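Two complexes follow with subunit A in common, the first pairing it with subunit B and the second with subunit C.
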Partner chain A sequence: MRERIAGGYDPFVLPFVIGMIFIFIYLFIALIRVFRAMPGSDRKKFFLSLLNPTIMYKNIRDVICDCLLHIKIFKRNALLGYMHASIAFGWFMLIVLGHIEVMLFVPQRNGTLHYPIFYRYFVAEQNATLKGAVFFFLMDFFLLVVLSGIGLAMYKRIRSTALGMRRTTKPCFADRVALWCLWSIFPLRLLAEGFTAGISGGSFLTKPVNMLFANFLGNDMNVLPTWWAYSTALGLFFLALPFSRYMHIPTEVLYIFLRNAGLKIHHPRKGLAEAEIYSCSSCGLCIDACPMNMQKKNLKYSSVYFVRFQRRNNKKKINEIAEKCLMCGKCVALCPVGVDSCGLKQAQRATVTDKLPYNYSFLASAHHQGGGPSMPLAPVSGSATGNEVTANAAAHGAGNATGNAAQSAVGKDKVLYFAGCMTHLTPAIIKSMTTIFDAAKEDYVFADKDGGVCCGRPLMLTGKVTAAKEVIERNREMIQDSGCKTVVLSCPICLKVLKEEYNLKGITLLHHTQYINQLIDQKRIRLNHSEESFVYHDPCELGRGCNIYQEPRNVLSAIGELKKANKEKKESICCGGSLGSLTLNYHDRVKITQESLKALTFDNPDKVITACPLCLKTFSDQSTTPVADIAQAVAGNLK
Partner chain B sequence: MNNNVIVIGGGPCGLEASAQLHKMGYNVILIEKDDHLGGHLAKWDRLFPEGIPAKELLDQLTGNINGVKYFLKTEVKSINLLDKEYNVILSNGITILAQAVLMASGFDLFPAQKKEEYGYGIYDHVITNADLENYFKTGKDCRIKQNPQRIGFVHCVGSRDEKAGNRYCSKVCCATAVKQACEVKEAFPDAQVYCFYMDLRMFGRGYEDLYLKAQRDCGVRFIRGRVSEVAEDLNKQLVVKAEDTLSGKPIKVTLDLLVLMSGMTNCSAGTRIAEMLSLKRDEDGFFTCKDTIFSLQESDKSGVFYAGACTGPKTLPDTLHEARAAALAINNYIKNKE
Partner chain C sequence: MATFGYSLTPSSRIDLCKFNQEKWNRLVELESDVLKCMACGSCTASCTAGKFTRTSLRSAILYIQNGQEKQALELVQSCLLCGKCFMVCPRAINTRNLLLSINKIYSVK
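Right after this comes the complex of A and B.
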């Protein structure tokens, strides 16, 4: 092992060194910005999390699995996963190995930026020696890994379907610069090391390259220009990095740390949100995920573009996309980085809607009011007007208010049934639930029999957070005052907000799918196993929203044959009726409904079963296959 | 050249057109999928505005079609254009070559169970306008109690409702609701009748008088606002929630009977035939006329004509006019061809 260049320096390293210093400074400033924009409590939470061994373990695991190996993408598509992992992990290993070489063999150069990267230029070794053979081999091996990934990436630009992607993102200018640099870095490295292999040594990749070129090129003459080119490509890449999608490489690590510390989004573009926005790799997986993209004209509303406009702070576009999104959560569930674009959009909506005036003064009197016939009520839900959802969601917050549960004599062992506004529009579900309660001889209190206050989720989704808090508080009191320790809900939209925002300690929240599943397990109801076949639709808010996938399937298997849908569980397609979108028109929604039904009925089930009143209504309008709620299916098969 | 004309649909429109074409000397073949002629008219009791019995009109229409060949319980299996003539194969095995085809396929009533929040098919005392006519005709409907005290009518069920998929107004249900409101008041003089409406579209001659009569003589209470939801209480009474948009207050009414004014949608059987011919349809599902003012009876395919509710909701007089206009248009077309 000997150093070839006295002083260990050559001007060709300059572009790289400049790029490197630039990126270090840039990242440092960015880091400060993120932390400064955070509320103090979040900062504290973050630093404390660094002392927590469980969280640290999670951090390390996530960094390895997500940033280096891209396990999540692997699970979706092996080739695509390999493409991402080979570049990330291969490159990582090249850097690590370079540093190890420096540490082991030329310790006097420890701490120089360029040595580990341009090691082959500065240090010569024979591959006959053991250390030479091992490192030469490893370096060539990982270079090959990266090159194979780059090859795939080039191929993907031409034919994305080959890697399981129907649509990819459109790169912006900085993306293109960075992309061309990235693509050229490794071939140039191969050339540079190849030309140098005659002097410094090489292995199975670099040696043949050396021999090949030796036949028609004067090797030594090409050594320096190729190293210059390699260094320039690296330098340029670092200069373009902050303005390109590759900013996700450093940011993702930070985001993993922040996320695991349990921080929440406070502002749509600052603090945690900023880390999140820059963690997006523009991989484009969310484009194919989004149900709106059944139609090409809606491609522009994909989360990836939302994030891109967030980076550019293009207010008009940001608001347009934020309002369009159905908040079905599919892009979030499938995003390999875990960018919570729905959370960002909700925060964005809040900047527009939270300050809108509202008047829920009726809530105060709602507590102990009985709902006699013909009695004027507080504003009634506006969902029957057939208007766009904005009006709906707003009116929902002002759901009619009576407090039935609070007046009834209730006790500990009773179950509180909270149907929710939506379920009141699908009375068949309520009827089935009461039948099931009776069959199970359940002692229950019907909390909103004569109407209740909205759960608050539609308001949350529109971004009217302050207003939502008011109705939430009112309902929280009602539930706590009831004394019941179990709440059964028919609407997943309610369930999600009760779980996330209500802070109901000591009270079990069950969706009726879970509740019915318990009844079956405890043999409190007995069911017929019919000849019918069912397919189950995972409602967005129940599946991706509350992670309830198995119980409904157990229940359906108990009463008939459960068939598979083309897209299931995490990948389930929104019914199209989601309250989440403020601007998506009826026609686009119908397209989504039809697509969702197509995926559901591909195995010709007798019935489509769902577990959400909104899905039920939406599907019933379009479906040729009968649609029913799981409660209806169960009530119809009671022994 | 034969002088066959095929008329699809044996409702009032198809009957009148057949009679006229027959008089002009054409060989008319009338096809009806049901086991009776008359379509919805045959199931109706009385007609607005004056309350003429539907049967009178039906008898008159069927009396005029002597000599017209008609097939009941028959559907079109295939239809295609063969060198300026339409080759039609029927489900009873008969094949006909015809010079022209008249679509008089009419409408389907909007399936009220689709508006689940109104509880049709779920609650015991919710019926539709068609059910009520049937009750008037037969005196039987187990959903109608002995002596209902409070009766409500919901206008625009499945019409003017984007969420139900139909943005258009069904045109006849306002007048029908007002007519039926008066009729139930006559049948149950003690009852209080409510109409929940968005706008009252009493456009025809005599309709406004009907509306005045309903208010003045029958004491019908018209509440401007949409019903948001309906629930059933322990006594099986219906609890209806709505918003009175005139007073700006939400209201809640308990009822013994709720009648849903199902609107019109394009007839599914007619649509199926239209698909075989690749006829154009509008976004609302109804067939697209050649233009919207001058050539209402012509389609985008030469030799195929339209009349009646297959091109949008129509009243009976409108429908009968169109039937005659279509007969004339077909006559002109065939004469031209010769």
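Right after this comes the complex of A and C.
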């Protein structure tokens, strides 16, 4: 291995070096900004997480899988995954190999910025030697990998459907500059290395390029200009990087570390949120994901644009999008980076709504006014209104004797049934649940028999966090005071907030789908297997919100044939009734409902089954196929 | 002058001159659905907060139209944004945004 250029320097490296220094300084300042905007406790949590081997393992795994290999995109569409992975991983390998070459063969140049990148210009080697052949081959191989990815990316700009995307993002100006640079970096590198391959050696890709051009271009004349062009493209790319979508490349690594440390969003644009906003790669997967985009006019409300306006701090647009979103969580579930745009939108809403006046003084009196007819959540065991307890102690004892119930939380103590305010508007669910409780001889307490106070989740979603906390605190006390160890809920919206915000120690929270599934497992209810076919709709808050997908499917398989929906589980389409959206009007909602129903009924099921009172009501208004709650379906098939 | 022995107390007297057109326009801009309300009262009947304290979207809208902003505001400040009124409204009014918008516009003096 011999240095071809004495001093190891040529002026053409300057654009690259300037770009590199700029980006290092920029990133350093950005990093400090993110940390300074964080609450002190979060900073501490982050630094402690770096000492935790489990979290560190997770960090490294996530960086490799998400940033380099893009496994999540692969799972959605192999070609699209390959496009992202080939560019990221290929480029990464080119950089790593360049550094290894320098370390091994010209250690005196260790620590220079430009040497590993322009190695082939400065060093001559024969590919007859082993080290020449191996590294040249590897470098050419990874260059080919990157070039194939770039080729796909160009093709995607023209025909996005070929890569499984119906719609793709509109790039902004800095995006375009960076994009052109990125697209030209690797072809230029191929040319530059090709022109030099005659002097400093090459492999299966660069050699043929060299020979090809030797026929009609004087290679030597072109060497320097192409290296200049290559270096300039790199330099420009780094200069445009902070203002373009490619900022996600460095930021995503930081975001993975912050996320795995368990930090939460405190401010819609600062601290963790800032890292999140800049991690968005503008890949546009959230555009096709969003149920609002059944209508083209709603494209502008996609999460990717929310994030883009966040970067530009365009208050008007940010608020408009934040208020429109259904908070169905689909874009978050499908986002390859894991940008929690719903969390960001909620924080953004809080900047507007949290300071609005409210008056919940009635909460206190509602709590202490023992036993009045309007007393919600009254039936603390032994209290005056405790008479709705349908105790059947003897039969319950018999249930324990089978040995099953004894180990499980259900059946051990009294069960608290919390229907939720929405469920009171669809009393068929309540009736079915009481039938099921009775059939299972459950010893239960009906918490909000005469109506209760809202769970607080709608307030949370609206951004009225302070108000929500008041409601939550009051409900929490009452659930805790009831002494019940299991709470069964019929409304997924309640379940979500009870799980996340109530901090109920030692209390098991079950949605009625989970509860019924347990009853079946423990053989506490016996069911007819009917001829009917069902399709199950995953309510947003139950599926994506609480990760409950399997239990309802088990239950439905027990009473009939379970058919598949066109889009289900993580990809299920919101029913359109979501309380998440503030400004979406009825007409837009109907379109979503219809689209959701179309996806559900594509295999012609006899019934659409859901597990949320709001979905039930929303679907029932529009559907030609009968719609029922899972509790109704089970209660109708009890033996 | 003959007295009939009864009169209107000032507090319940409607003074249409107090109606603020500008604020109303802003309300319509934020949630045009307010124009669709037919004062059926379904929202009030199903209201979660209404079980404990006086809460009524229907009355709030009427109060606003009568220029009684303070009374209107009092009727919506106990709202929990639970969305039951949204589920029952026969005119499919986006009630939650309407409630929020009333709070936004009429709580500034």
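Methods note: the second predicted complex is superposed on the first by the 594 of 639 C-alpha atoms of A that agree within 3 Å, B and C clash if a C-alpha of one lies under 4 Å from a C-alpha of the other, contacts with A are read in each partner's own complex, and residues count from 1 in each chain.
FYI, a contact is a pair of C-beta atoms (placed from the backbone, for glycine too) under 8 Å apart; a residue touches a chain by one contact, two chains touch by 3 or more.
What you see is a predicted model, and the numbers here were worked out from it, not measured in a lab.
A.B. asks: Once the shared chain is lined up, is A:471 touching subunit B (first), subunit C (second), both, or neither of them?
C.D. replies: So A:471 only meets subunit C here.
A.B. asks: Check the residue A:169 against both partner chains and state whether it touches subunit B (first), subunit C (second), both, or neither.
C.D. replies: After superposing on A, A:169 lies clear of both subunit B and subunit C.
A.B. asks: So in the superposed three-chain picture, is A:359 touching just subunit B, just subunit C, both, or none of them (first/second/both/neither)?
C.D. replies: It touches subunit C, and subunit B stays clear.
A.B. asks: Is A:586 touching anything from subunit B or subunit C once the two structures are fitted on A? First, second, both or neither.
C.D. replies: Both subunit B and subunit C are touched by A:586.
A.B. asks: Report for A:490: first if it touches subunit B alone, second if subunit C alone, otherwise both or neither.
C.D. replies: The answer is neither, since A:490 touches no partner chain.
A.B. asks: Between subunit B (first) and subunit C (second), which, if any, makes contact with A:303: first, second, both or neither?
C.D. replies: In the superposition, A:303 contacts neither subunit B nor subunit C.
A.B. asks: For A:459, select first, second, both or neither according to whether it touches subunit B, subunit C, the two together, or no partner.
C.D. replies: It touches subunit C, and subunit B stays clear.
A.B. asks: Which partner chains sit in contact with A:319 here, subunit B, subunit C, both or neither? Use first/second/both/neither.
C.D. replies: The answer is neither, since A:319 touches no partner chain.
A.B. asks: Should A:425 be classified as contacting the first partner (subunit B), the second (subunit C), both, or neither?
C.D. replies: In the superposed model, A:425 contacts both subunit B and subunit C.
A.B. asks: I'd like to check the shared interface: which positions of subunit A are touched by both subunit B and subunit C across the two complexes?
C.D. replies: Residues common to the subunit A contacts of subunit C and of subunit B are 374, 376, 424-425, 451, 586, 617, listed in rising order.
A.B. asks: Mind listing the subunit B positions that touch subunit A in their complex?
C.D. replies: Those in contact with subunit A are residues 114, 116-117, 119, 122-123, 160-165, 226-232, 239, 241-243, 249-254.
A.B. asks: Within their complex, state which residues of subunit C touch subunit A.
C.D. replies: Residues in contact with subunit A: 31, 33, 46, 48-49, 51-53, 73-74, 77-84, 86-88, 92, 94, 96-97, 100, 103-104, 107.
A.B. asks: Going by the contact rule at the top, pick out the subunit A residues touching subunit C in the complex.
C.D. replies: Residue positions touching the partner: 323, 352-353, 356-363, 365-366, 374, 376, 421-422, 424-425, 451-454, 456, 458-459, 462, 464, 471, 577, 579, 582-586, 614, 617.
A.B. asks: Considering the complex alone, what residue numbers of subunit A touch subunit B?
C.D. replies: For this pair, the touching residues of subunit A are 371, 373-387, 400, 424-428, 430-431, 449-451, 586, 590, 616-617, 620-621.
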